[in-house]
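Below, subunit A partners subunit B and then partners subunit C, in two separate complexes.
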Partner chain A sequence: MPLANPAEAGHGENLLEVDNLCLRFGGLTVLDAVSLRVPAGGITALIGPNGAGKSSLFNAISGCYRPQVGTITFAGREITRLPTSRRAALGVARTFQNIALFPGLTVLDNIKLGSHVHLHTGLLAAGFYLGRARREELRLHTELERDVIDQLGIRDILRVPVATLPYGQQKRVELARALAMGPRLLLLDEPVAGMNRPDRAEMVRLIRNLQQQRGMTVLLVEHDMGVVMDISEQVIVLDFGRVITAGTPAAVREDAAVIAAYLGTEAQQSQHGADEQGPS
Partner chain B sequence: MEFFLEVSLVGLAVGGVYALIALGYVIVYRTTRVVNFAHGNIMMFGAYFFFTFATLLDLPWGVALVLALIATALLGTGIERVLLRPMLGRTPVVAVMATFGLVFVLHGSAQIIWTANDFFLPSIFPNRPIVIGTMYIPANTGYGALIALVAIGALLALLRFTRGGLAMRAAASDQVAASALGINVPATFNLTWACAAASAALAGVVVGSITTLNPNLGMIGLSVLGVVILGGLDSLAGAILAGLIVGWLEAITGFYLSASYKDVVPFVVLLVILMIRPHGLLGAPTVERL
Partner chain C sequence: MTDKRPARSAAATTLLTVAVITFPMAGNSYHLHMVCLIGINVISATGLNLLTGCAGLVSLGHAAFMGVGAYGVAWFGTHLGLPFYLCLPLGGLLAAGVGMIAGLPSFRLKGLYLAIASLAAQFILSFVFNEWEPVTGGRSGVTLAPAEIAGLRLTTEREMYYLIAVITVAALLFARNLFRTRVGRAFIALRDRDIAAEVLGVDLRRYKLMAFGVSSFYAGVAGGLMAYFFKVVAPGQFGFQLSLFFLAAIVVGGLGTVQGAVLGAIFMTMTPEVLSWVAGPFGPVATGFLAPVREVLFGLLIIVFLIFEPRGLVGIGSRVRSWHPRSWAQRRSR
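Moving on, here comes the complex of A and B:
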């Protein structure tokens, strides 16, 4: 993967800064003055009860939602108004809660689409100047094989249409596709949701290894507290669209506000919390 | 038997041109989920552009053809950018209705610009019919089919082997995921319209050479919509297959029954096939129908 331009790197310590972000749908306030810092080169987890605004925040960062107020700064550059595709080109990659692969395409085509951002020949050029486009594709292909395909152990299924794959493998392919973008910031929306225990452990190991090898920054949303506490250096807790605390896993685990948010204070308990997973 | 073969061959040649027109519908539908009712009239404009460059401006026909393709591609991108872009993200039915309105706008504009008179396109094909054994194929139909064949091959290669083609398939499948991968979805739609319009222009020149040029040329394109439905709205192979079938059926009924049946019989067959296969011959069963 072409690595990030060194001139852009090292801009302060935070790769991602969100300031005073407000997102409303009609009268419903989904994000209420959210500010947070994601330091470069680590794993940060975003947690909170259902409906806390985690996925909305993800969508605002990746560009699917347009916040009414506030700014999002990525690698020292304000991206609040940039379209999703431009953010992707800058190095923001993501996976989706419900897996958004292209079901009709093969695993390889899905992954190739991930590397789309790095091809410099134009869309039609690939048709008209076969020579250069072809070379570029071949070079990319070699890099993909080495850096993504082998590491994720999906070589055997490259020619298979993704729709036919079991859930766990689809999750893997989606991760591979995001990695093919060579991202600086990887947004993972519930990377282990719906997985059995061995698959979950394997995914956690994979994310941690990938993060360390590539030095990229990972921001993830996850409900599995075991995974969150295990994997992340920083935990940010959202509740009702507000950041209620941020800190190390150990500090967050003890935080009274977090415990209240998850388990409910006595008065709230009957309203929500009963179906939430508590901190483990 | 000999007549049967000859008539079949002519029918398949016409069918090849139908297939080219049908592909234009399918390309746009597959990527943007919009059935472009104005495709036939874009085709008609392509023929008029060729007429303008070749006859009115007296350019060599090769140059005129290239200019006509470019002009029509620009018309296609213009329509996407101005008319359909603002509707992006809404249900495709809105955009479909807009293209329906466009049918009349384009038809009326053509009458204003070029009048409603019949014109003949400059002949770009050799004047002698193609002779295979003892069978004759009229020159315009035969060479037109060859051009359609080449254009179909080029279009399929573009979709299959280029990154733009892959981007189109991705954007067609999931717009949000596609843009998260850095694919500029609006630009991809624009490219799709350009490709479809350019292919329409080529088809327009071929059809205009076989018949005459007047603003009603677009109606032929509209009747090909039946071919597209028969093939399956989202199936490239289906469009080609259905184009050949309808062309062949028209020729056969025109010869063995009467010319007045040839507009009816193929569509009766179409209705029967659709009763058995509601998604068209090769269409995906998940396609929403209108």
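Moving on, here comes the complex of A and C:
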């Protein structure tokens, strides 16, 4: 069933575990022995300065990059080498930093693509479009309207080609597409970047709803510290491909290494000494 | 306006059906000949448009797959003695198989590089058509018996017309239906952003192979019909020029839409005819210039359309419609 309630693992267990993950491009080490835990049913934020490896970590989890060392475990199953397209069926969904919608399709078809793995129509059934294929499409439409479209308030733009939409709405459609996957883990890459204040508040409300009402586990990358501190239960800080700290928002805010990473070398030197210093 | 839509499209369908059925009574054999060619070209162009226009996999070897279908149909009929209604789908399946093998490089190659790989397929298959004499009859080709359904031999253009019309309509409906379902959406997704498609669970290799398979099946069936239409299959029919012809057809008609392949095939089939009508009054010297001019014109058309109207004739059509009556504009808005 598409869009089934993803809340299966209860609070306290980890839905995603990353252990000792190393990712290199040639001589460049992008992720250096990264280990982290994402508890089921919570909101975890991944922060760090530009180039810290946040998006690379997302790419490794969703399968776009192949790490050389380490493991990624999702819902108790190791997925480190699992082909990208198979991870969707397990319940890993993501959005992209630079919005990756399909410009040649309408909003509705973009969202329907999210449900791809839950549908079964094959080539012949599709071409003849009799019975089963037709019923599947109609049912999908009803389910999406009920579970995704109305929640995100995008009913009015369903027939519009996505390329013509303003930025904020494109972000929303991309989230809708990820939700159409009925995911257990939602990876959001900068969900509020570039948004104005009302849009941002709306997005925060949506993410919270997803977690509270559908029990979805959320892992997000975000630069907006207000949003991060506001919604996350756990904050993980990445700098130069390493996890420098992880904890509650309050604890992370006070952490000296984090302040150093964000404010630069001078602060780092005065508070910490050279041992914390990354390659520069 | 939503309630008017089905009624209007039903009326259009009826009108079109009547026109298709009654056409042979109105047209002479030249007209029928041209319409049959258009039908065959529409089928083939639709196939190429599924692959190149929708799935974004450029192929410069489409004509070769038509050739596989044509030779296949001839061989199944002559050597295995199979009836025509088995030969045609088998020819399509054979072409689909060869097309899928030719599509394997798409796992690693994209864009221009893939186009070059498909060009290799075109020339390898052309070579096979020329040299594998026991099967293809070499340079002189093979002849085949006319198609036969329930004792009725389809020898004349009029009889072939109905066969081609039925298959063309079926091919178009099949292509349109694909885009109502996840299969068509997956094709477009892998064209627009393959990485995002993969993250959504679209198995890229599977759908690339599927696109090559369907596209070559269309080509194979079109090639098979061509074989029955001309009753001879020769290697010169399925050369690189024909591949370019179909690429031009979908670019001119409109990439990635069913109407685009139809308009493009009609346009490209009629262009040489119109040219010869124009050149006719100027005597044999002018007509002698036509052959080279035609190739130049095809090339020019591709360039002009890519620059000025990338959506092709379909794009021009929808622009014309949005200038004028309100009813069209309203239909677009919903």
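By our rule, the second predicted complex is superposed on the first by the 247 of 280 C-alpha atoms of A that agree within 3 Å, B and C clash if a C-alpha of one lies under 4 Å from a C-alpha of the other, contacts with A are read in each partner's own complex, and residues count from 1 in each chain.
The criterion applied here is as follows: a residue touches a chain if its C-beta (ideal position, glycine included) is under 8 Å from a C-beta of that chain, and two chains touch if they have at least 3 such contacts.
Everything quoted here is computed from the prediction, not taken from an experiment.
**Student:** Quick check on the superposition: with subunit A as the shared anchor, is it clash or fit for subunit B versus subunit C?
**Tutor:** Aligned through their shared chain, the two binders clash on subunit A.
**Student:** Is A:194 contacted by the first partner subunit B, the second partner subunit C, both or neither?
**Tutor:** The answer is neither, since A:194 touches no partner chain.
**Student:** Who does A:84 touch here: subunit B (first), subunit C (second), both, or neither?
**Tutor:** Touch partners of A:84: subunit B and subunit C.
**Student:** If you stack the two complexes on chain A, which partner ends up touching A:215: first (subunit B), second (subunit C), both, or neither?
**Tutor:** neither
**Student:** In the superposed arrangement, which partner chain does A:159 touch: subunit B (first), subunit C (second), both, or neither?
**Tutor:** second
**Student:** Counting only touches as set out at the top, which of subunit B and subunit C does A:96 meet: first, second, both, neither?
**Tutor:** both
**Student:** For subunit A, which residues lie in the overlap of the subunit B contacts and the subunit C contacts?
**Tutor:** 62-64, 83-86, 88-89, 93-94, 96, 100-105, 109, 112-114, 116-117, 119, 121, 123, 126-127, 133, 137, 177, 181
**Student:** For subunit B, which residues count as touching subunit A in their complex?
**Tutor:** For this pair, the touching residues of subunit B are 157-158, 161-167, 169-170, 173-174, 176-185, 187-188, 191.
**Student:** Can you list the residues on subunit A that touch subunit B in the complex?
**Tutor:** That would be residues 62-64, 83-86, 88-89, 93-94, 96, 100-105, 109, 112-114, 116-117, 119, 121, 123-124, 126-127, 133, 137, 177, 181 of subunit A.
**Student:** Which subunit C residues qualify as touching subunit A in the complex?
**Tutor:** Against subunit A, the touching part of subunit C is residues 174-175, 177-178, 180-186, 188-189, 191-193, 195-204, 210, 213-214, 256, 334.
**Student:** Under the definition above, what is the set of subunit A residues touching subunit C in their complex?
**Tutor:** Subunit A residues touching subunit C: 62-64, 83-89, 93-94, 96, 100-105, 109, 112-117, 119, 121-123, 125-129, 133, 136-137, 159, 177, 181.
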